[in-house]
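Both complexes shown next keep chain A, but they swap its partner, so chain B is in the first and chain C is in the second.
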Partner chain A sequence: MNAHALLTRLRGQVPLLVTAVLLVSMFSVGSVQYDGFFSGQVVLNLLIDNAFLLVVAVGMTFVVLTGGIDLSVGAVVALSTMVSAWLVEQHGWPPLLVIPLVLLMGTAGGWLMGWIIHVFEIQPFIVTLAGMFLARGLCYTISVESISITDPQYTAMAQTRIPLGDLFVSPSALIALLVVAAGFVVLHYTRLGRNVYALGGSEQSALLMGLPVQRTKTTVYAISGFCSALGGVLLTFYMLSGYGLHAVGLELDAIAAVVIGGTLLTGGSGYLLGTLLGVLVLGLIQTVISFQGTLSSWWTRIVIGALLFVFIVLQRLITARRR
Partner chain B sequence: MMSTAAAASPVKAVTRSRLFWPAVVLAVLLAANLAFTPDFFAVRLQGGHLYGSLIDILHFGAPLILVSLGMTLVIATGGIDLSVGSTVAISGALACLHISESTDPGSLATVLTAAGIALGTALLLGAVNGLLVAKVGVQPIIATLILMVAGRGVAQLITDGQIITVTSDPYKLIGGGYWLTMPFAILLSALVVLATVLLTRSTALGLLLESVGGNPVASRLVGIRAMRLVALVYVFSALCAALAGLMVSSNVSAADGNNAGLWIELDAILAVVLGGTSLNGGRFSIGGTVLGALIIQTLSTTVYTIGIPPETTLVFKAFVVIVVCLIQSPAFRAKLAARGARARRTARPHAAAPTTNREVGA
Partner chain C sequence: MRQQPVLEVRGIRKEFPGVVALDGVDFRLFPGEVHALMGENGAGKSTLIKVLTGVHPSDGGEVVLAGERVRIAGPLQAQQAGISTVYQEVNLCPNLSVAENIFIGREPRRFGLIDWPAMRRRAAELVRELELDVDVSAPLNSYSIAVQQLVAIVRAVDVSAKVLILDEPTSSLDRDEVRQLFAVMRRLRDQGVAILFVSHFLDQVYEICDRMTVLRNGRLEGEYLTSELGQVELVSRMIGAELAGLDQLGGGKRRERTAPTGPAFLQADRLARRGAVEPYDLDIRPGEVIGLAGLLGSGRTEAARLLFGADQSDGGTLRIEGTVTALRSPRDAIARGIAFCSENRKTEGLVGELTVRENIVLALQAARGWTRPLSRTAQDAYALKWIRALDIRPGNPEALVRNLSGGNQQKVLLARWLITDPKLLILDEPTRGIDIGAKAEIQKLVANLAEEGMAVLFISAELEEVLRLSHRVGVLRDHRMVAQLDNDGGLTPERVMATIASGAHA
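Presenting the complex of A and B:
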């Protein structure tokens, strides 16, 4: 009986275990194959280069756990970089005012999408698709060109390196890790987190149990909007520019990270730390390809696609067996 | 109910038609162009070829019409195909690669083989999508997302990250040539649209697709092979996308793995939605989709002629999508009807006509 219960519990962890094994084996193979691969800095660079993706993927995890999807994240990231660059560079606003404003804008946008999805019962992907169009379009109404940022506070954020012994991390990487920690606590130790899982398990049951379905749903999209805006702020630090073509296809990377991290796309099951692993796997693919040197950048997309394929089929096999 | 309404008032029958609102939007857009370009509707014959803004809209809209056509059938079954843009790129890349590597790029046989390779590959890609959705049971948006992500990479792999240019007269014909005074692309897409209409509306196929989209379980219980039909529409969608890919690459005589067909999946979904096909599946309108695709193409043309930055059309598209979806949403209509009924109840007790939900088994 106990052994059986343990087995069923373990079965749900299979994608997560596969991801962890994949991560370790990719890193080991990389370390054996390439000089200079086996170093702490390579791992930290994964975090530095993918800080914005990590933050966005955390928001996406919340949405996917409720059984929804948010296609607007890439566009919201781009809009955040654009608005930041526009206000700071062309209107001379102080960054300390611009950053909260951008975060508020992203949160409000996400909340609005969640509200439309719930109240009018329109599929999440079409509402967030419209949000994606809107956000990208708004970028271009601000400017079709890229706006580069020369503000000293932004450049300071971009260049700051926090030393950890011989190694270093960027402030963005630390912020991303903080977001992961906060997301983890909210998801696993608060009422909101339980509601998110309940909603993803079965919206009907959640409603019948008297859980606040509408509030939970609008909240997860607001969280995703906030994370996208924060991702945009981090990307502004990384790129030091605002551009309507920043973060094209980021929504796919975020979904891929969530799926590879073991969260079920039908909702109700998954871990936030899995998403962290998923982002690290995606980052490691890029690192391996750049270390290899002879492989072209498009291999990244093909490998990510292949991984998505494997994990989605794996998910189906597991859920099919459970029933 | 519909037939009595139609008999009672022919005007109402026209405005109630599913094609009415898309047609009105298209007409208004076209008329708006007249204000900026007085000779907008002029079509002239020059050197045996037809020229004019209307012909241009049809010509450049042809690939979108094809992609939207495939998308319509996929959406009718309650699915979605995000991979069409990648399929467009892969198909163009394969065809151009074959032609550029052949010893005789100008011969008809080479072009036919190239088209065959592209369509054959699309058949395979569509079959993978169909298998994932119908057999493995993955949500359509996710299943096709895989090919959307990986497909761009594959297209760039085929072209080696370069833009392959080809010089081949028969190939140029598909997307850029003229035949019987009309651009060949228009004729080709018209032919495919016509064949699809005949196939779906003169046989039971269309009805079966709608029934699968309306309620897959009930369809299976009455003996419809839902699985096979669903797999089939993804193959059809991929074939349409591949044909569109041939057109796009032939029009510029080049294959660009990175940019060919970029965002076309979104435009195609928009065209389908504009045409009155419900994203919930269960009913579709090919005529509406063609109108929807033409609206989008006219919009792009208008934006260029007026001189607005073309990228801002995205804002407009966002509002259109959300408005159309709101109108299609039963919850929204119910709320609106409740409000309308309350307003009218005070004036005339029986005038509040209920908004009939005509969706099949929604």
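Presenting the complex of A and C:
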């Protein structure tokens, strides 16, 4: 391999490396600064507290890799919690029926948005924005109040702790990690996954190479819809309620995690592992601020904002150099 | 005794709103031949290719592939039927590896999952067969356009080895790269692949092609053996008449001219931009044509962009009409009477969704400001005047620019700048990818403009063209202006090439 090719290849990894370094250094600083910070459980808690975000961000990664965006995810999460709570609590449906139904609903919604985006050649931004209003609005047709869930199967999922030596994780965290693993396999070892990258690299080329552009696009939004619905299910385990105001702004957190994880917003470059790191970075910021104790939680937003700026500029520099 | 054609097109017809692009065209392609598709811009070459590859559905006629009538509904169907295409712009995914670009959509799989080692191994084999030195696991964008194009050919041939269409593959390649491409083409031809080759370089066509089909105005002009049709004859078939003054295309005859004297309109003094172009001096007087010669990527465009404010210089000074001026943006430059026709007419110049009229008045309207709109009558008058002056075809001011051929698009772009009556016109590869007739017209136009007192900076990869037009030729090499040669009649393309090669006055 020549030196130039090696350099080009490494350049794609720079954002990922930066995020990894950031994560390790944040954790080290926290460990030095605060008592009790340096423990495996703090790391596992990151996963437990952010399981739903991680799942949503996996779906978002697929969409962003094609060069698109999905603004509806937060609202779909809220709608999923709402439908779950409504059917389980007020209609007495069994959770084992409700959960697949909710997942199907999210997938279908995503598929429909993808179909509209492709067939009518509309910006993903505007289509998913419409989807966001629609899903959020539908929440309130069910109820304007929060519906709390008392179903024993849900509470069991909320309270179960799976021991790992002295430490523990929640079932939701494991589900989220499974989703990451599945997403990784799909992205790197299936034609669908490679078509996602190709589409992000150049849609025109993908079309001329005879790749199934329409199917890939609709599938990607369907995956994002599925992940949002699953994120909603995990959030009901975590909050034990359905509410139209759940997960407000979650789409932005998911996009932030994807970007901080090194995926280019223009598509075609990025890794699911980066998204995992991105979610952990966001979680760690919150953890540090709660350990600090005196700062208001809004500082989380400020730090995320600053980080986003840095990463977007970094992306810009990398893509500019590439030309 | 020839065998049956692998691809035969009968009476194909294609219409766009306001334009009949193909009108009953027949075309045959035999296995194991390289076949040129010739014609002026707008003759229907691109449209025919797009019909064959399923990008445009045809409005009539039939396509027969290996004896069977086929309907090509899209690029995928075309590939499955055995027709693969490599376009002028490499249509691969720059973010993926070479191996993936060859195999995407048909990756080898084990247990339903992509078998990466097998994919890399097979890609390496294919690349080696064509004697290319490429690391297949490196991302495509780490290689030059030439290599990317060869990768596209590897993919195309591996997808379906029957018919390979090469659409202007050589327009951004240098001499050695063209040789490498031709070697690959010959190897494929000997393997029995039918190759359809489109190029504006007549020399290349005569070097590589066995037969040619000539189109004119969307109609079939004829099918010829390359060995039986001379270059001048071919050109006259393409243009459709014994063109008076065809000799001026031959490159021998030059216009008599005297270099203008007097104060310079623009003076660059040690003007530079780090990483783009080393400090250079340049004076351009009214009525003078300065040529910029050099290889692709030698810094010709970069040097010109500084004069238009498209990039900021970080060293040296620029004087316009004697006053030191810092051009902060193209807007500044336009206000001082400088116009720039970029080489990328699609991405940096024209708006394809607008009509010819709207594109032509765009720069003038911008110069006037939006508070003083041009009346529709004035717009129509301008559009008609320039359509006539430059012979833009079709002569319909309301035709969408994206439906025009490359040469006619270039003329629209020229019209847009000429309408603002600039003092300095910078032309970056104005004749690239356009046919010989339109080329001659644009050259004539440049010469006339200079005679009327316009200063022109003319950038072109074709030395004959540069020498035919310029009073002086600046030679660039490795982002440095190595020489400025007076074109006093004794300057030959060979001497310019020697200067490019040696990097000093030859």
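Here is the rule we use: the second predicted complex is superposed on the first by the 322 of 323 C-alpha atoms of A that agree within 3 Å, B and C clash if a C-alpha of one lies under 4 Å from a C-alpha of the other, contacts with A are read in each partner's own complex, and residues count from 1 in each chain.
Here is the rule we go by: a residue touches a chain if its C-beta (ideal position, glycine included) is under 8 Å from a C-beta of that chain, and two chains touch if they have at least 3 such contacts.
Since this is a predicted model, take the numbers as computed values, not measurements.
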Once chain A of both complexes is superposed, is A:211 in touch with chain B (first), chain C (second), both, or neither? second
Look at A:38 in the shared chain and tell me whether it touches chain B only, chain C only, both, or neither; answer first, second, both or neither. neither
Check whether chain B or chain C contacts more residues of chain A in the superposed model. B
When the two structures are overlaid on chain A, which partner does A:189 contact: first (chain B), second (chain C), both, or neither? second
With the two complexes superposed on chain A, say which partner A:198 touches: chain B (first), chain C (second), both, or neither. second
Considering only the touch criterion stated at the top, classify A:69 as touching first (chain B), second (chain C), both, or neither. first
Mind working out whether A:269 is in touch with chain B, chain C, both or neither, as first, second, both or neither? second
Between chain B (first) and chain C (second), which, if any, makes contact with A:126: first, second, both or neither? first
Could you list, by residue number, the parts of chain B that touch chain A in their complex? 80, 132, 136-139, 141-143, 145-154, 156-157, 160-161, 257, 266, 269, 273, 279-280, 309, 311-319, 321-322, 325-326, 329-332
Residues of chain A touching chain C in their complex? 1-2, 4-9, 12, 185, 188-191, 194-195, 197-198, 200-202, 204-212, 268-269, 322
Interface residues, chain A side, partner chain B - complex: 69, 116, 119-123, 125-127, 129-134, 136-141, 144, 244, 249, 252, 255-256, 259, 265-266, 296, 298-302, 304-306, 308-309, 312-313, 316, 320
Within the complex, which stretch of chain C touches chain A? 53, 55, 74-76, 78-80, 85, 87, 90-96, 100, 104-105, 107, 109, 112-114, 116, 135, 137-139, 141-143, 155, 159
